[in-house]
Each structure stands twice: as C-alpha cells, then as structure tokens.
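Note that the chains are named A, B, C and D in the order they appear, and that numbering of residues resets to 1 at the start of each chain.
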Amino acid sequence: MLRTQSTVLIAASTVIIAALAPLVMPINIATEILIFGIFAMSTNLLIGVSGLYSFGQAAFFGVGGYVAGYCFVHTNLPLSAGLVLAMLGSALVAGLVGAFSIRRTGIYFMMLTFAFNQMIYYLAYSWRAVTGGEDGMGGIRRPALDMPLVGNIDLGNHLNFYMLAAALFVASSILLFRLARSPLGLVLDAAKQNPRRTASLGFSVYRAQWIAFVVAGAIAGLAGALFALLYRIMPIDAISWTSSGNVVFMVVIGGMSSVLGPVLGAAIFIWLQGFFSLIWARWPLLFGVFIILVVLFLRGGVAELFDRARQAFTRKTPTPAVQGGSHE
Amino acid sequence: MTSLIAAQLINGVAIGMLYALTAFGLSIIKGLLNVPNFAHGAFFAVGAYVCYAADRAGMPFAVSLLLAFLVPAVLGVLVERLGVSRLMNSPYLYQLLFLFGTALVMEQLIIIIWGSVGLSMSPPAFLEGAFDLGFTYLPRYLVFNGCMAALTIMAVYLLIERTRIGSQIRAGIDKREMAQCLGIDVGRLITAGFGLGSGLAGLSGGLVLPLLGANATMGADMMAIAFVVLVIGGLGSIYGAIAAGILVGVIQSVSTVFVPAASTVLIYVAMIVTLTIRPQGLFGER
Amino acid sequence: MSEVAMGDAAMTNLAMQQVATPSATHLLEAVGVTKKFGANVVIENLSIGFAPGMLHSILGPNGAGKTTLFNLLTRDLPVTAGEILLRGERITAMKPHQIARLGVGRSYQISSVYLDLSFLDNVWLAAYRARHGGRMGWWKRVGSYGEIRDQACEVLEKLGLIGFRDLPAKAVSYGDQRLLEIAVTLATNPDILLLDEPTAGLSQRETERVKRFIESIKQQYLIVMIEHKMNVVMEISDRVHVMNRGTLIASGTAAEISRDEAVHRAYFGL
Amino acid sequence: MESLENPLRRALLKAGTAALGTSITGLSWAQSSGDALTMGVLSQNTGTFAYTGDLVLKGAKLAIEERGGSIQGRKINLIVRDDEGKPAVGVRRLTEAVASDKLKYFGGNFSSAVGLAELEVAKTEKVVQFAAGGSEDFTGSRCSPYTFQWSAHAYTALRATLEYVRQRMPDKKKIYTITADYVFGQSLLHYTQVAAKELGLELVGNDNHPSGERQYTQYFTKALSTRPDIICLLTSGADAVSAVRQFNSFGAKNVQLVGPWTLEVEQMRELSPAMRTGMILGLNYYHEIDSPVNKAFVQAYTKAYKAVPSYASAYGYDSFRTLLLAMDKAKSVEVDAVVKALEGMQYDSVFGPTTMDARTHQSIRPYYVIECKAPEAMKDESDFATIVATGTTPQPPELNECKRTA
C-alpha cells in the first residue's frame, strides 16, 4: 500500500523540484544540477542499493558524452537517436567493465573500476581524431526536438533544453525508484548484506549486480550526453577519476538511503563549488573541510539531517530503515 | 638498440626505487588500515616543501631529508588520531572520503604557506653532473636517489622484520584478531604505521625535489602511480610494492624506447591485467 | 561381546556406504570427495549418501568437517577431488545458485538472515525465487506480488513468526533469527533440506520447538541435519552418520550408533 | 519507510533548493549593476597554474584603470571567475556569467584546452573572447567570429627561434625533439619540421611524452644516446619545468637546450637560475620589449604591484586594452560593432605596431627569442635574460585551416 503511494510521491517531488529550480537559480545551473542529479542517482544504484563502491562511473558518463557528441558533430541523427546511442554505448562499456570488476569484491572491485576509469580516460585522451584529446570535443550541435502534437522544439533556447533535461530527470528517477523496490532491487540489497546466502537461495548474485552495473552505466551515459549538449563541448576532464570521486561524494553528502538524496547531494556539491570559488581563491580548502565534516558527523548525508529533524518533531522513535539503510 | 635498452633498464630501476619507496609507505598503511591512503600524495608534497624550506634555512641536505620524513610523519599521526581512527567501524568508503578531504586541505595549506608558484632546488654540489657509462649518461643524483630509496626500504624492512614493534605491526597486518588477543593495542599500532607510511611518502617527496621540484599538485601525480604500484604489487603483501615499484619504473622507462606516448597507458594496462589474472596482485597472499 | 558384533554390523554398514557407486536410492550423495585447504586435509576421500524420505543427522566432534561437507554439497566450496551427485546427476561443477534451484535448500550455522530486511522480505525473497526461478523482475514492485506475499506469510505462520512480519530481522532475539533462517530455507520450496545446527544457541524451549517442527515436516523432505545436541539427534533422526577427522566412521540408526565403538573412541577417546 | 519520510523530506528539499538558488543568484547579481558593461577575467586560481589567475587580473585591472573604469560613457564592471584550469568548469562559469551577469567580453586562461572549450560557448552566446595560448586551432580549424588570439602563431614562434639558433651556432645542426603528446605539442612539432626544412636543420629524432608526465630522465637517456647538438623541448608548463630540471641533472654541457614555446616568465621563476643558464627560449612577452606602450605598462605595473609584469599580466593588460581601443574605434560597446572594429584593426600594442587579421583573428605581432643569464650576470631576481632576436614571419596562408571568409 505505502509503496504504491510513494512512487506517486517520488514522481510528484521530482516534478516539483524540476519546476522550482529555475525560479530560484540561473537556468543553466539548474540544468546542470538536474544532469548531475541523474548521474548521482545512477551511481547510488551501485553504492547505496547494491553496496558496490564504484570509483569509475565518470568513464560511462564520458562515453555517453562522447558518443552523443560524435553523433551531433559528424552525423545529423535526430536527438532521440543520439541519446539512445549514447546510453547503448555506455551500457556496452559498462557491461564489459562490469563483467571484469564484479567478480572481485570490496576494495579490489573499487580499484578495478578506478583502473578501468583511468584506462578509458587515457584512451579518450590519446584518441585525438575522435575525442579531440585534451582540447575536448567541440562544435556539438543541439538538434531540434521533434515532438508529436507539440511539433519542433528549438533546444537552442535555454528553457526548452532545461525542460528536456527535467523530463529525463523525472523519468530516470522514477525508473531507479521502481528498480530499487522491485524484486531485483531486493535481491541487490540482500546480496549487499549477504551474497553467499543470496546465492544459496538460488539467485545469481553476479548477474543481479552486473545488471545493476549496466543500468547505472547506461543512465550515467544519458547524463553525459546531456552534459555534452549543455555546453556543446565534451571536455576530457569530465571523464577523469576525480569526477568519479566527485559523484561518489555527491551521493554521500546527499545520503544513500533514498532515491532523491543523491540529487540533493549534486545540488549542494555544484552550488558549494560555485559559492566557495566566488568567496575565496583557496576555496578547495573550505571544500575539503566540508567533506571532512560530513564524513565525521553526518554519515547519512544531508538526508539524515531531515530524518533527525523529523524525529525531533515527532517524538516517537523511528522504525529502523527496511530498504537499503545504514551500512554501519 | 641493446645498449639503449640497457640504459633504460638502469634508469628504470633508479626511478622505480622511488616509486617503490612511495608505494611502500602506502602499502604499510593499506596493510594496517585496509584502506588506500588518498592523502598519501599530499604527504609526499609536504615532504618536498619541508625539504625545500629546510634547505633555504641553510640546513645540510641530510637534515632537510630527515625533516622531510619527520614532519609528514607527525602530520600522519595527527590525521590518523583525529580522523581515521574515528571511522574505523564504518565502511571504507568514508575513510576514503575523509582522506580525500584531508588531501584537499593539505594541498591548499601548502599553497597558502609557500605560494602556488612551483619551487626548485639544485642537488648538493657533489651530486651534480652525470656518470658517462659510454653507452649512456646516468645522472649522479638519480643514482643517489635510487640508493637512498633502497637503503630506506632496507632499514624499514629490518625495523619490521627484526624488532618487537615490527613484529607487532606484522601481526596487525596479517592476523589482526590474534594481535588483539595477544593484548597488542592495534589502535596505537595503526597510528604508528600511519605515521611511518606518511613519513616515507614525505621522505620520497624530499628525495625527488631536485628532480621534480615542488608544486602543490605534485602529490596527485605521484599518488596515481603509487596507487598502481600498490595494486600490482599485491594488496595482501607489503613487500610486493617494492618489486612492483621497480617493475613500473622499468616499464615506464623501457617503453619510451618503443612507444613513448603510451607509457602511462601501459602502466594501467599492467594494473588491469594483474588484477584480472591475479586479483591479489603479483605478490599478494590469499 | 555383543557390542563388538554390533560394532561390526555398523562397520560393514559403513563399508557398504563407502563403495563409491551412485545408487538411485540416494537422492543426494558425495562420492569419494576430498577437500584440502592448502596443506591441511579437511575431508579425505569421503563417500556418503542420503536416501529420500528420511531425516539424516551428521554427528562428529568439532573440526570433523561436517560444515565443510555441507559447503561441498552446495558448492559453497569447490571439491578438491570427487563428485557430488543429485538424483544421480553430477552437480560437482555447478554454481551454488544453480544447485539451489535444483531443490537443495540450506540453512547456515551462523545465522545468515538479512538483518536489515523485514521478516516478510526475508522469506519473500526465497518464495519469489521458488516461484519465478532465477528471474528478477525490475519494474513491478515487491509489494505487488500478492500471492507470493501470502506464501511467505504462510511459512512465517508455520514457524509462529507471523507476529514479526514487518520487523527487521535485527530487531529480534537470536533464537527468532534462527527460526527465520529455517523459514527462509523452507520458503525456497526445496526437496532437500540441509540444516546446519538448527538449534545452536537456542534456549531449551526454543530447541523443543524447532525439534518438534522438524519432526513435523520430515515426511515431506529429505532432511540432512548437522547437530550437536544428542537428545535432538537421537529422538528424531532415522539415520545418523558420524564423522571424525574428515572421514565417515559410522552410519546407522540412532540405536546402532549409540553402541558403536568407533563413535565412542572418537567422542570419549575410549 | 521511504514513504513515511517523503512528505517532510520533500518539503525540506524544496526549501533547501530554494535557499541554494537564491544565494547563488544573490551573490552573482550583486556584482552586476544597472547599465554597466560587464567584462570578465576567467582564469585559474586553483590547480597547477593557480598563480596565473591573479596575474591576468592585475594586468586587466590596470588596462581598465587607465580608462578611469569606464568606456564610451559606460561604467565597466569587471568580474572574476575561477575555471580551475578545467575546460568543463570554464564553460560552466562562462555560461553562468553570461546568463546572470550579462558578461559581454572576457579573456584570462591561456590553456588551449580551456580556451577552445570557452570558444564554443562564446560563439553560441555571442560574446567576445580574447584568447591566448598555443593551439593554432583558435585561428585555424576552429576559428570563430567571436574569438581573437593574443599569442603569436606557433609558426612565427618556431621560425623565430630556429632562425636565431641557426645563425648563433652554425655548426650545431642535429636537433632532437621531445614533444608533448597533445594537440599543441603536435602543432609545435609540425612547425618545427617546416621551419627546420626551410633553415636546413636536421631532426635526428623525436619522442612524444604523455602530457602530465613528471619523469623525463628516460627521454633524455634516449635522446642523448643519439648524440644530438640540440635538444628542442616542444612541451610547456609544468611538464617543461620538470623536463629542464631533469635535463640539468645530466649536466650535458655540450648539448644546447632550446625551448621555442616552452617556458614563459612565470615558469622560469620555478627554476633556479643555475638551471636556466644559457637556455635559448622563445617568448610571447618579455618585460624588456622596447615599445612605448610596453615601457608605460611596465612602469605602471611595477609602481602598482612592486613586480615586473609577466606573460600572464601582459596578456591581461594588452588584451583588455585592445578591446577598449576597439570600442573607441567602434564608438560603441555592442559586441557586433566591436568585432567589426577589431577585424583588420591596426594599433599600437605592448609589442609595438600590431595588426588583427580580419579573417583568422590572429594578431600579427613579433615573437621574442631570449638567452637566459647566468646567476652572477643577473642584476636582480627578475632579470632573467636578454632579448637576442625578434621574429615576425606570419604563418604562410596555405598552412591555415580557417574556413571563415573576411
């Protein structure tokens, strides 16, 4: 019963977020927040739901960006085709990387994803003909979006492009929310807590986690494609392992236990960077301090703050989280 | 051709010793903490800057190097006490992020203290110039570097294998529960190990100063390599890093004979191949 | 005198067992399996078979290799040598989840329920797998599988756990977690139940409960149970197998075993 | 569980996002005011070249102060953004500034990667970029109506440097090149080959190193094994600095180190004088340039900041100064008018008489060759070198890839 409602609630809240954002901040920041929101949510499918600490998600973000970029620079495919190809491309790469990495667990897994990320980075870096190497892939066009009924929508217009991003944002959050509460999601959660037992129940843990890895990769690819469209370039550093680290951090500040936590994380992350860099040239120091504080005192991320606040209001002790939940 | 490869081998080993030293520190910490120290690069940088400052203050090179070890070591102890140790019982993700944040802070502090313009320091006079081996030149300082790294590693090896604290550290790494049963304070052990590891990072930072100079981001570059070295060497064994360090140095150096531009990629290829065939690394146990 | 004779009987019995021939009478069996961890041999050339419709217990001092045997049967660990047969078919090379899907349900010695999941979800997972094979739906919500939820509730009912339905497993006593463990295993709807010390860490009362429960279901399954509590073993098992130092030293009815010399030696060093 | 939290979390989420948003806009709107003309310095305050941002800013400020902070009756509002030396961040900050601060003219980062990324945004947002940095794509394959190039063309640089080498040491002919493996490095290499051919120099070998490389002894080991007369570093920035340091450790005195586009003054500071001694370098700017504009600039700069101007500050000053000149010429601050005015504009810059190519937007100006002084020969610690030659040969048109038509 509750579950039924909460899908609706998720949809509602995402729509509301998407609708409010541009009213309170410059449109392109709002767009970027949604894009990284998508990226962060996809990453949380691995980190939060499946307990797979991947430090290589930027690779798939990047692949998506480059594929889409390539389509919109060298071909005149319609928008939809470009986005789909981007997702397929990322899914493919994620499939391969996952096939290798998931056999290893814990810190080995993390290092493998890290290594693959680095490797893909250097490949993109040296494959100048296609990716533009260090100077990035430039001259990406934003094809008009051809919609039935509505007709042709010019995405050159910031607001229209924002709408597109928002639509995809809502779609992916609903998808990821449903997935987290589907049998697959439950299996992933179970495998996170006790892979051996999950296998002895007759589930292929490897397969479940591989699927999660591919889905996360594909959605990261979608985010990457949107990113490439946003600034009409695909810069090389968007694919480096530091951006993998950043997205992990977005997830952590936002909180892993909910679907929307990571979006909040993305918002805070992007906003803080902009804010800090305006007030002090040595801003990364403030940022570092912020990371440290979050890790030491706010393990559950900002979402945890809300819970604490709620518990403060409603005196009753909370029933322990049933889905995902804490990792302590 | 052969002489060129020979030359690159020598050069590679010399470089490799430095990677080995840096990664060795990392691997001690990894061994005790079961977390790769994301702040290792920062300690490396601090070492370089401390060494520079000491040299400017007119101290002899030896003293500068000593300080390049001590200061980061103390810093390391602080970081471990104040932060890492509090996160012992949470998933390593949080320790990683904590160290990540610490690295950012240290990097910026360096800039605030020493400015963001890179710094250089010439090696002491008796180490300038190069040996002419006929088929190649071998910079004196590079040789010195290799030897110093080798000696340090040897010393630490003896410390760990031959002394009581050493045997405790080993116990802490190999069988922590047992160590606890033996009434060893694992917490203090980890602190000590973290300090030692950070110190080694700092020392190698000081050592490479005349070659690489000092700048705030030098840590990140070195850490990426140390990281690879650690993984190739084997997460299970602290000594694997030494052999792997030399290996990486040689790969990097010899590959310049054939495919210079690919040398970096090659290192990662090596890492992935290792992890896929032998997830525990070349020398890792279990 | 007679004791010796009886002992011999048990021995011949055992000898018969060790003739490594797959026999249709055995639903699940290990044929000449060996397991080594590095140098030390935990199980050595062990052959043991379990006939259907019975409750088998495996006895033996600690370190006899009982749990390791279970791990070999379910492929949680690969064998070093030998074969595992299920209904006469080789399953030695299969993966644990594949074996589980063939109807081998297992409970673990250290309780391995999902502490963060509710009782319902714990059992639900097992029931879902039993119903949908290996498939994992990714869109329909867990909540919307009505009939599976009902099955799960039934099982909880059976073990008198229905009250905990929506509590996370970590919120209840160890004893109840052990019961949940059994419930989960049952919900996979197996033909064969491997229970690893189902009563370990249970109070007297709880032990009684589990014992009676197992007895009540033993007609429907082939049950193999590792158990230390003699009273449990002796009262409900049809067949008792005794292991020591990685080998099978005796097999027989409870009565036979209680008089078996080798067993006495193994246990009381007589 | 989820669902229970949702309503409240949603509320707070909204509130949270709102709070974030307003403070963003709050902050940036605060900086723009009325009908002021917004110009921007987008440069690097973090990362390897963190120091450059401040230098560019100092130069730009000077140029604006000369005009009493206003142009064509419009007050000039100078905003500063940190692009962290990353293309992704650069474009983000630029788009923000255009959207919320009405940014019209900007410059500041001389990393080609960042510059070329910003070029795309400048083109779509129709704002003027005064770029610097090595890549010839600015005025070549990716030339844009809204982007102008301050730095000399790679061809001019190579030609000037090698010409000097040629006549300074006629007996040294064997050149070994070590090249950064990215676009800029490769175009340097390309023009080295062109110029070497024209001048009859022999290239005995080349190695590409991945950019960001910190370890160079292996490259020198290889290079020296071919016994060259000259080692030519076709790399720049931090890479070049490490390379020079490590070349020094070989103490190969008989091999001449040449850097056609390798170290600007900023990076020379990173080397101890002993390490620089005798190096032949090509520079975009050196504070001893003998032109009236430069003399005045150096004087003003030293007075204001107690230091001699460097490449970065000269870029900041000269590019902003040129923009303001163009606005005078156009009698307007409107982008299209100013662009038109700039195209083909002839003006006095810090380099003396300078022309802005109407089609490619490449500034046609001299390039300088210097020889580094030994420590004892230096009057003060910023007296690095003496200008020994200047070159003005522009890129041969047939080598230019710009598709635009004037």
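Everything that follows uses one rule, which is that contacts are C-beta pairs under 8 Å (C-beta built on N, C-alpha and C of every residue); 3 or more make two chains touch, one makes a residue touch a chain.
The shown structure was predicted, so the numbers you read here are calculated from the model rather than taken from an experiment.
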Q | Distance between the centres, which are taken as Cα means, of chain D and chain B, whole angstrom | A | 35
Q) From the C-alpha centre of chain A to that of chain B, how far is it in Å? A) 33
Q | Centre distance in Å when chain A and chain C are each reduced to the mean of their C-alpha atoms | A | 43
(Q) Centroid of chain C to centroid of chain D, CA atoms only: how many Å? (A) 73
Q) Which chain C residues touch at least two other chains? A) none
Q: Mark out which residues of chain B touch at least two other chains, giving numbers and ranges.
A: 111, 261-262, 264-265
Q. Out of chain A, which residues touch more than one other chain, so two or more?
A. 2-3, 122, 126, 282, 284, 321-322, 325
Q: Classify the chain contact graph as line, ring, star, complete or other.
A: other
Q. Chain pairs in touch?
A. A-B, A-C, A-D, B-D
(Q) Which stretch or stretches of chain A touch chain B in the complex? (A) 47, 53, 100, 103-104, 106-108, 111-112, 114-116, 118-119, 122-123, 126, 245, 248-249, 252, 282, 284-285, 287-292, 294-296, 299, 327-328
Q | Touching residues on chain B, where the partner in the complex is chain A | A | 34-36, 83, 86-87, 89-94, 97-98, 100-105, 107-109, 111-112, 224, 227-228, 231, 235, 261-262, 264-265, 268-269, 271-272, 275-276, 279
Q: Could you please specify the touching residues of chain B with respect to chain D in the complex?
A: 3-4, 7-8, 11-12, 14-15, 111, 115-123, 128-130, 135-137, 139-142, 210-213, 215-218, 221-222, 252-253, 256-257, 260-265
Q: In the complex, go through chain D and note every residue touching chain A.
A: 1-10, 12-14, 16-18, 20-25, 27-28, 45-46, 50, 53-54, 81-82, 84, 86-88, 91-93, 95-96, 99-100, 112-113, 116-117, 119-121, 124, 135, 137, 142, 181-183, 210-211
Q | Complex interface listing, chain A residues touching chain D | A | 2-3, 5-6, 9-10, 12-13, 16-17, 20-21, 23-30, 32, 122, 125-126, 128, 132-136, 138-140, 156, 158, 231-233, 235-238, 258-260, 264, 267-268, 271, 274-275, 277-278, 281-284, 302-303, 306-307, 309-310, 313, 319, 321-323, 325
